[in-house]
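Naming follows writing order (A, B and C), and every chain is counted from residue 1.
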Amino acid sequence: METVVFLISAAVILSGALGVIFSKNPVHSALFMVQTLFGVAVLFVLLEATFLAAIQVIVYAGAIVILFVFVITLLGVDRAEDLKVEPISGQRPLAVVLGASIFGIILTVLIVAVGGPTGEQVANTPIGDASDNTKILGEALFSTHVFSVELTALLLTVAVVGAVVLSTRPTKPLISTLDKQQNDNLEDELEEKGEE
Amino acid sequence: MMIIASDPLLSSDIGFSVVAIMLLKVVIAFALLMVSVMLVIWFERKIVADMHNRVGPSLAGPWGILQTLADGIKLFFKEDLLPERADRVVFRLAPYLSLVPAFLSFAIVPIGGDFTNGGDGTVSIFGHRTLLQVADPPVGILLFLALSSIAVYGVMLAGWSSGSKYPLLGSVRASAQMISYEAALGLSMATVFLFSGTLSTSGIVSGQATWNWNLVSTGFIPFIIFVIAGTAELNRPPFDLVEAEQELVGGFHTEYSSIRFALFFLAEFMNMITMSAIAVTLFLGGPNGPILIKQIAWVWPILWFFLKVMAFLFTFVWLRATLPRLRYDQLMDLGWKLLIPASLGWFLLIAALNIGEDRGWSTFLIVPIGLIVLSLAALLLNGAIKKAKDSSLHAADLSEISEGVDQ
Amino acid sequence: MSITTTWYLLLAAILFSIGTTGLLVRRNPLIMFMCIELMLNAVNITFVSIGSHLNDLGGQLAVFFVLVVAAAEVVIGLALVVAIMRRRSRTNADDLKILGG
């Protein structure tokens, strides 16, 4: 049962990821991205991280990707991109080689560590049952890690303020007095020409 | 393999009868939703007609009760149009993206079961004890929030994929509105979690056994915010800017016809039923109520649940017939500057009261201090908004002057 | 065949590599952002699976913070994209070499 669920969600995740990088249209990419996120959420449920699974869908699919789609449709950059043109020659083969080598490195690490990851069974805060996952996570967040939570709250506030500042349409700068004089002169000249 | 649901049905060995009961529950929930959507559409048309002093649908069936069925059959046999500039795949996908979450979120609503006198709300079917809800995941209500955020995709993509400007404008409005009001919705729900101590819907309902409703214990404000934000989330009047006919032709589904349009319509009314059911579960005690005749004890919770949901549905219809549509900036102001700060402030006050109870602080001290702090915060917020408005007006004046000089 | 932590790590490795390749290949800044999100998701899978392997909640806590940081990053990133697109309508990452002066 677990194997079947894992294999299906792995297929969903990987096909979604490939869809993101091969789609011509950004909106299609965003949709494939949602597919991947759902697969990851299912994996979280499988690993008994039920709260994270719900948050994954609410935050990632419900806010982040929606924001992507929103920007894409609002700015009208949803035209399909021509993927045949390769702007920098040799970029794609090189990128694939780099991606494959990163995969190779991780794979090597995995193979060297035969029998899965090793490490001390520290268990600072043991993972409880899936049914009280939310409770345990909340207690850990608001006791041991409360400072980090406050920091991330600050980060989010800064990000929101930054976004507002960045995306506000700049109001026209008040023209300087010098420009104004030049403008007046220009207007006078124009008027004179008109009179002629 | 872990078990996601805490339904007692699944804690025993999973055999044929358990699977059969699960399937039965799914089928019943599906059929119940479909039939009630049909009736709710008729109900809405009839009530609005009464409020307008009209007759309303009256020809198909007794009192026109089969009108929806007739409309559905008509839509089914109409030609299915596909706009030339549409994005074919997404255009076909979008109705399902809004229909499937509407179906799924009803799965977590307990529609019956006796929670009085420490009852766990289970009923006995074929020798198995089970909850009267399709699923009871530990994250419960969060699943509802997750699904309602997925429902935004249906509206958004329907508008975008039509390849036409009015649907696009409608969908951009819709997604902005739904994302904004989801925050207020979630924050007003958070107050309920403080009292229930759990996210699971059956846990929330059993915490409100018989008369201990969250409506009273959370102090009405979260409930009011939930209903307003819920109405906005449903895109119902007075928040139906998404499909404002006078401005946007028909909103995001302008280009849809035939069965695909029917699917959107279905999803909209299904969401209305689900939102009412969730509100009843969270604030009005779900199926809790007095059991009047002991012999048919299982009937009463279902009856109470049904009556409470009906009251909500009537309110939604009533709002539609009564209130004029908001302007877009009023909508955003209401969401961001009133509902979100109010629900957050109330949440903090309730949290302070809860902590105070644990620590043995005096309630008579916490409430005034809390209220003073909150009103100070409200004053600050108001001042900031006013300042921002003034300076933007000032900037607008300046730019007008400079534009005047340019000419 | 039972699913061990190694399987999850393998899946995360593949996802991370796909994300990296996509980031290097695509030129649309929005899609590049999505590829970064893919890589973050790969990291999240790793965190949760190793956390569950070691019976430590730390993995899930890390994912929580990664989610918040990802949200902040996207907010700023999209605001930048909006600000740039306002000046030049069809922008890809190569056009931004003007930032070099």
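Assorted remarks:
The criterion applied here is as follows: contacts are C-beta pairs under 8 Å (C-beta built on N, C-alpha and C of every residue); 3 or more make two chains touch, one makes a residue touch a chain.
Note that this is a predicted model, so its numbers are computed, not measured.
Viewed as a network of touching protein chains, the structure reduces to a simple linear path. Interface comparison, A-B versus A-C: the pair with the greater number of contacting C-beta pairs is A-C. Chain B and chain C have CA centres that are 32 Å apart.
Chain A and chain B, compared by their mean Cα positions, are separated by 27 Å.
Mean C-alpha positions place chain A and chain C at a centre distance of 6 Å. The multi-chain contact residues of chain C, meaning those touching 2 or more other chains, do not exist; every residue touches at most one other chain. Each of the following residues of chain A touches two or more other chains: 2, 48, 51, 55, 63, 133.
Residue positions of chain B in touch with at least two other chains are not found. Of all the residues in chain A, the ones that touch chain B in their complex are 1-2, 25, 27-28, 31, 34, 45, 48, 50-51, 53-55, 57-58, 61-63, 66, 69-70, 73-74, 78, 130-134, 171-175, 180, 183. Residues 2-3, 6, 10, 13-14, 17-18, 20-21, 23, 26, 29-30, 33, 36-37, 40, 43-44, 47-49, 51-52, 55-56, 59-60, 63-64, 67-68, 71-72, 75-77, 81, 87-88, 91-92, 94-96, 98-100, 102-103, 106-107, 110, 115-117, 119-127, 133, 136-137, 140-141, 145, 148, 152, 155-156, 158-160, 162-164, 166-167, 169 of chain A are the ones that touch chain C when the two sit in their complex.
By the touch criterion stated above, chain C contacts chain A in their complex at residues 1-11, 13-22, 24-28, 30-31, 33-35, 37-38, 41, 44-45, 48-58, 60-61, 63-65, 67-76, 78-83, 85-86, 89-90, 94. Listed in rising order, the residues of chain B touching chain A in the complex are 1-4, 6, 87, 89-90, 93, 137-139, 142-143, 145-146, 149-150, 152-153, 156-157, 159-160, 168, 171-172, 175-176, 179, 182, 199, 395-396, 398-399, 401-403, 405-406.
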